[in-house]
Amino acid sequence: MRKSRLVLAPAAMLAAAALVLTGCATEDASTGSSDSGSSDSSGDTGGDTGDDTLKVYALLPQGNDQPYGTTYLPPMQAKAAELGIELTITNSEYDGDKQASECEIAVADSETDGIILWPAIADSIRPCLEAANAAGIPVWITNADVNPEDTGLTYGYSGTDSYGQGAASAEMMCEFAGGADIGIIQINGLTGNSVASLRGAGFRETVASECPNVTILAEQPGNWNKDESQIAASEMLTAVGVENVQGMYAADDSMVAGGIAALEARGLAVEDFIITSIGNTFLGNPLVIDGKLDGTVFQSSSWDGENAVVGIYRAMTGDTSLGRDDDGSVLYMPNPKVTIDNATDPSVAPEW
Amino acid sequence: MSTPVIEARNVVKAFGGAKAVDDVSVAVEAGDIHAVVGENGAGKSTLMRILSGIETLDSGAVLVDGQEIENSAKSSLEAGISLVHQELSLIPEMTVAENILLGSFPTKAGVTRKAEMKRIAAETLKEIGVDVDLDERISRLSVALRQFVEIARAVARKPKVLILDEPTASLTPAETDYLLDMLKRLASQGLAIIYISHRIPEVFRICNKVTVLRDGQRVFVSEVAKTKPDQVINEMVGRELQLGLQSRRQANPGEVVLAAHGIRATGVNNVSLEVRAGEIVGLGGLVGAGRTELVRAIIGADNRTAGRVVLNSQGKSTVISGYMSAIRAGVAYVPEERRVDGLAMTMAVFENIYLPNRRELGAGGITRPGKMLSFALELANKVGLRPPQVKLEAGQYSGGNQQKIVIAKWLGRRPSFVVLDEPTRGVDVGAKAEIHKLVKELADQGTAVLVVSSDLPELLELADVIHVMRDGKITGTLAANEADEKSVMSLAAGEKLVEA
Amino acid sequence: MGDPLTQVNALATSEAPNKEISTGAKVLAWMADNGIFVLTAVLIAVAVIGVEGFASLQNIADVFHRAAPIGIVAVGMTFVVISGNYLDLSVVAQVATSAVILIAVSNEYGYIPAILAAMLAAAVFGIVNGVAVGYFKANAVIVTLSTTYIGLGLLRFFSGGSIFFGPYESPLASFGAGKLGPVPYSAIVLVIMTILLSLLLTRTNFGFTVRSFGVNERATRLGGTNTGLVIIGAFLVTAFSAMIAGFVLAAFSNTAVSAMSTGYDFRALAAIIVGGTSVFGGKGSVPRTLLGVVFVSVLTNVLVLLNISFGYQQMALGFLIAAAVSIDALARRAGKK
Amino acid sequence: MALLAAVLIGVLLTEQTVFTAYSVTLGRIALVGLVALGLTVVILMGELDLSVASTLALAGVVTASIPDLGLGILAGLAVGVVVGVVNAFLVAVIGINSFIATLGMLFFLRGLALVISNEAPIKLNNVEAGIAFGQPLIGPITPRILVFILVFIGLQIFIARIRVGREFLAVGGNRQAARDAGVPVKRRIFTGFIISGVVAAGAGVMNTLERTAADPIAGSTVLLASFAAAIIGGNYLKGGRGSVVGTLIGAASLGIIQVALTLAAVQVPIQQIFIGLLLLVAVTTDPNNLRAVISSIRTLRTGRGKVAEPSVATNRSTSS
């Protein structure tokens, strides 16, 4: 055991460092989320102190690990602070089981007044909702809605309609194609990710119904990554032959940027291609203005984050009740189509 | 002449073209102790692994009680053949009882019956007369005790044939005596025993038949009573060789090279000793007396809790604080566990030799293959590596040659102080003599040498002074002229010798 | 001390000295050692003949683009694998960190400070991993797993996790897009790294001790080696390669985000293993790893060209890892007989 | 271990909820712990199984894609058996290092799960049954927790008392010796991989039932977490040393800390940093601590300092 004694000193120091770190971290977290400054939220477990401030769990599948989540959080926290809500934010990294466990924790916490839920996997969220209801905790869904049969278990939904976004992008594609027979390539999000598959389906099915003259020649995942999308796009071009391709769709702006880079790398005139996408982000918006990206669908992360808090607040204060009947229980994010005509319009100023 | 209990008929086994066992026949009758001797690589171990079904044979047959048995570990075990391995083959994290019954746990519906297991284990240990805590984990036992547990496992199977491969390699003389008496007793109970050893005296003490293998072939078989040690040895090495035994060199010690004062470490209790230039100091004692611990503490390979070590070489004296400083100051260490501590088995000989010499050879941290090879070749010839093919993997050489490689890599550094721990354990007679010659030459050239050995004749042959250790202390110091096996043993074993 | 006994027994059979090997066995042994060369050659040949557009300059460039970042990580990680420490999971955090630092810092203060900052980060990663594994004898898998958590956590805490992009026209961007004939600069970096690291491994005392450590740690230590430093060195090599991979990635996409290198850990390991480096340590080489990377990249490229869905791509990759190594193992066995 | 204990005490003081709502905590522990338990038996044999997470996902997908629930569950578990057999075949028969063999399986099975599920989650045909499965059974104990406890007890007995399981230690500790002693090593390896495969598959099936849907990319966070649990628990990756209990402790520590940090509303990145540091310290401060503790307890109980005096030689161990 000589060795273990030898290492104990540094170990202890490290441990101390870790504990100190979390010490301040806890403060950062709670002050960041509530101005009522109950900085050591880890300390109060009695529940009596938590009455003036509402404690809300936000169960998200992404956070600082994704650009969208990164810009989704600050407005959410700001709004919560404004309404005197103490937020506890989790990130399940799109692991449905992890999120389910986090949901159990939220329900088990005696102080919980409400739950904001961004389903990692819509299909697997039912048990969480039932548990919350059993415990009398209102649940507000954000960003991606639950399945229709489960809506009755929620107080409401605010956010986008991922399928609709795909569809909107498709409508632009059809419009620009204007009845001409064209072939396009499709770049999808991370394989298996629900937003990715919803947007993909939305685009695919709308194209099939609205404009059969547009044929999807190839699909590959770009994993929300610019670099991977560029390679995948380039390889798809090789596979189907550049001469057969007149257009391209990508499930978000980062990936479409990759796709455009692939075209440029081949010295092709990007302007000649019909290109649509989703997001209107800091990356995508300039491309629209340059006329490289013909159309994208604006998604406001700040709207998304803010309204999630607004929604749960109304639920907790009884402005809206279980189910989707009373008005204002469903807040759809406006998803304006962005083209070169309105790209500089402040209402669609990029956020992420 | 009754039918032999076990018989090998014209057994042939080849590895990648090379015949390890070439048309060998051996027959052993109940109550016999049959010695199979030969240099490392002669094919002894392979033959034994074939008899016990671990190795498959290419042609020939193994018979038990005149019945040919199928060539598999299982059928050999069932036929009553039990092998005690050369390398300890115990499970470190299992208890003594579990190890003794490994592979044949008593069970009821798959559940091991601990009580029954311990009963059988205790019985067996009693039979061979060794007392060990049945619940102790093997990893906490001494080498000697592991060896006895190993034998207990073989005996527990109630075998007809007991095969022992170098059982005394890691035992002290006292323990060896004890083991040999045990074997005689077992044989007298009608067990057929095949005994493999390098130690000719042991063979002549307990065996009644001897078979000599050389290069995989049986070159000699005889009643022990009808032959002489020299004859057996000559048959083994296949050449007349006058053993260095008793040819003690004339030592003329110079300045003190190594001075260790008040060394304390785990298993070492306040030991001081000096080694002079051109002097060979021997460390005697039983396994576990703390000799290995002492030398490792002296050269800083293991931490010492107290004590000061000074090395004087080329006029300047260095305080040895850690192993690195020791190496740089001119210390060389030939460790006890050759395969674990000494060599990188799957690396080439020249790479093994390069390791401790890289700073000198690889100026600026750049390796120079040509230099590496020539350097290694020179040393390989110096220590008499056979064949001197430095591009071969170290693991492809026999034990004796491997030990020569370990020595070679240190000779390259022209060390002023050399520590050899059990330099010839598991080494065949020929190589042993050569290694002894090397050690003596080292000393003659003015190197200070410290030798740890459980092999008394070796100690007596090499050492100019012998320190004997017991329980972590030096219990006595004998000059070459006053030392003999008895005097060393009495110091080493103290009263314990009486029991044994 | 379980392993000494095990090691000894593993060698129990190596008894007879140098046996001469039959020619048939020689061929099999060669196959065992060079199966990956054959496999890659066959794959490429099939692709050239069977897959339309594979041989086009543009596609070759795409293959190189696939190979470059992961390849640079893999050739570096080879050192950790050869030293017998399984793998370095923290390359995921390392690549992302260096990419984010390069773009974020260079946007503010220019390239020199950015590169220095990235090097500092790499050094910290390498030293923390190395000290924990080399001196505290901690398990490399868990150590690097923990440094992955810590690294990504810090990166996301300080960078806020946002996506960073460089200016449209910048030296970095033009490097990322630059090519020499069909060969992107990034691929040239990969080749240079391979050559340098290969020399480091085979032609220096440091590389020698890394291999020697991988074969027998105790003998290496008793041979007068500060094994702790050797391990730190191995992890530093990996860390700096990961840093360069991060640079290449950042240059190529001209953007950086903390999630951009997800999966690099096992993808790099897969390439190393397919290349024939043993995870038991000791055996292996840097060029082999390059070959493994080429193999995996060509395979993925071909599957995409054939418009095979992601699921099937993963299956194929998994199958070929198992197949490649099986052939290897069987040939080796046959070689022994 | 000592460090983990300290942290746990800290948790106990600040976040009683962790223990008042112990069923939640247990659920979280079981999430990773179950897989880790299965993994342990393989690690004891000196082998590795990187395919557990993919097995978990595939088993779930298979279960959900079969209309009849009972049949689905059986099929899901069968997946575990098949995966185990294939892994063992590659390792024991063909002779590939398990690290590589199971790495291949990791990719292959994940791909297969995506192909079968058509790259999207599959909803359970009988959602109600799934939800029922998620409900507490005895007190707040859900079937998952019950299964977890039973698997733990089962494996503990298997390794400690059953001959076959006991021999796993031999296979991991000194394979050649085990072989020579007549232990059917290959068969043991098959048994081990099948166990870890079935346990992982079982976890996947249970997740699918509880969530009422199967996700082809499930378990993304499980693989490394389960290894962490096993190794923090003092299991020696080279085999022959370790225990199921250790794994349980490792999994419990990680689970409890995660739950506590969530309850304490610690920012996610900070949580990562904290858990990372904790792992680092835990693994750098003597990984065999647990073992040391256990053996010292043994020594205390048996009252014997070391080995009993044999009639020959002293008994002080030379293996320094």
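The letters A, B, C and D name the chains in turn, as written, and every chain counts its residues from 1.
Throughout what follows, a residue touches a chain if its C-beta (ideal position, glycine included) is under 8 Å from a C-beta of that chain, and two chains touch if they have at least 3 such contacts.
No experiment lies behind these values; they were computed from the predicted model shown.
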item: Co-neighbours of subunit D and subunit C - touch as defined; value: A, B
item: Chain separated most widely from subunit D, comparing mean CA positions; value: B
item: Chain pair showing more contacts of the two, A-C and A-D; value: A-D
item: Whole-Å gap between the CA centroids of subunit A and subunit D; value: 32
item: Whole-Å gap separating subunit A and subunit B, where each centre is the average of the chain's CA atoms; value: 68
item: Subunit B and subunit D: spacing of chain centres that average the CA atoms, whole Å; value: 41
item: In subunit B, residues with contacts to at least two other chains; value: 85, 89-90, 92-93, 139
item: Sequence positions of subunit A contacting 2 or more other chains; value: 3, 7, 63-64, 191
item: In subunit D, residues with contacts to at least two other chains; value: 114, 119, 173-174, 176-177, 216, 240-241, 267-270, 273, 277-278, 280, 284-285, 319
item: Chain-chain contacts as defined at top; value: A-C, A-D, B-C, B-D, C-D
item: Subunit B - residues contacting subunit C, complex; value: 15-18, 20, 40-41, 43, 45-46, 49, 55, 85-90, 92-93, 139, 216, 301, 323-324, 327-328, 333, 335, 337, 339-347, 351-352, 354-356, 358-359, 362, 365-367, 386-387, 389, 392, 395-398, 401, 409
item: Contacting residues of subunit C [partner subunit D, same complex]; value: 1-6, 9-10, 12, 86, 89, 128, 132, 136, 138-139, 141-143, 145-154, 156-157, 161, 266, 269-270, 273, 278-280, 309-322, 325-326, 329-330, 333
item: Subunit A partner contacts - residues on subunit C that touch it in the complex; value: 52-54, 56, 58-59, 61-62, 65-66, 69, 136-137, 152, 156-157, 160-163, 165, 168, 177, 249, 252-255, 257-260, 262, 301, 304-307, 309-311
item: Contacting residues of subunit A [partner subunit C, same complex]; value: 3, 7, 63-67, 69-71, 191, 218-221, 223-227, 230-232, 234-241, 254, 257-258, 261, 264-266, 281-283, 286, 352
item: Interface residues, subunit B side, partner subunit D - complex; value: 52, 54, 73-74, 77, 83, 85, 89-94, 98, 102-105, 107, 110-112, 114, 129-133, 135-137, 139-145, 148, 153, 172, 174-175, 178, 266-267, 286-290, 292-293, 296, 302, 470-471, 496, 499-500
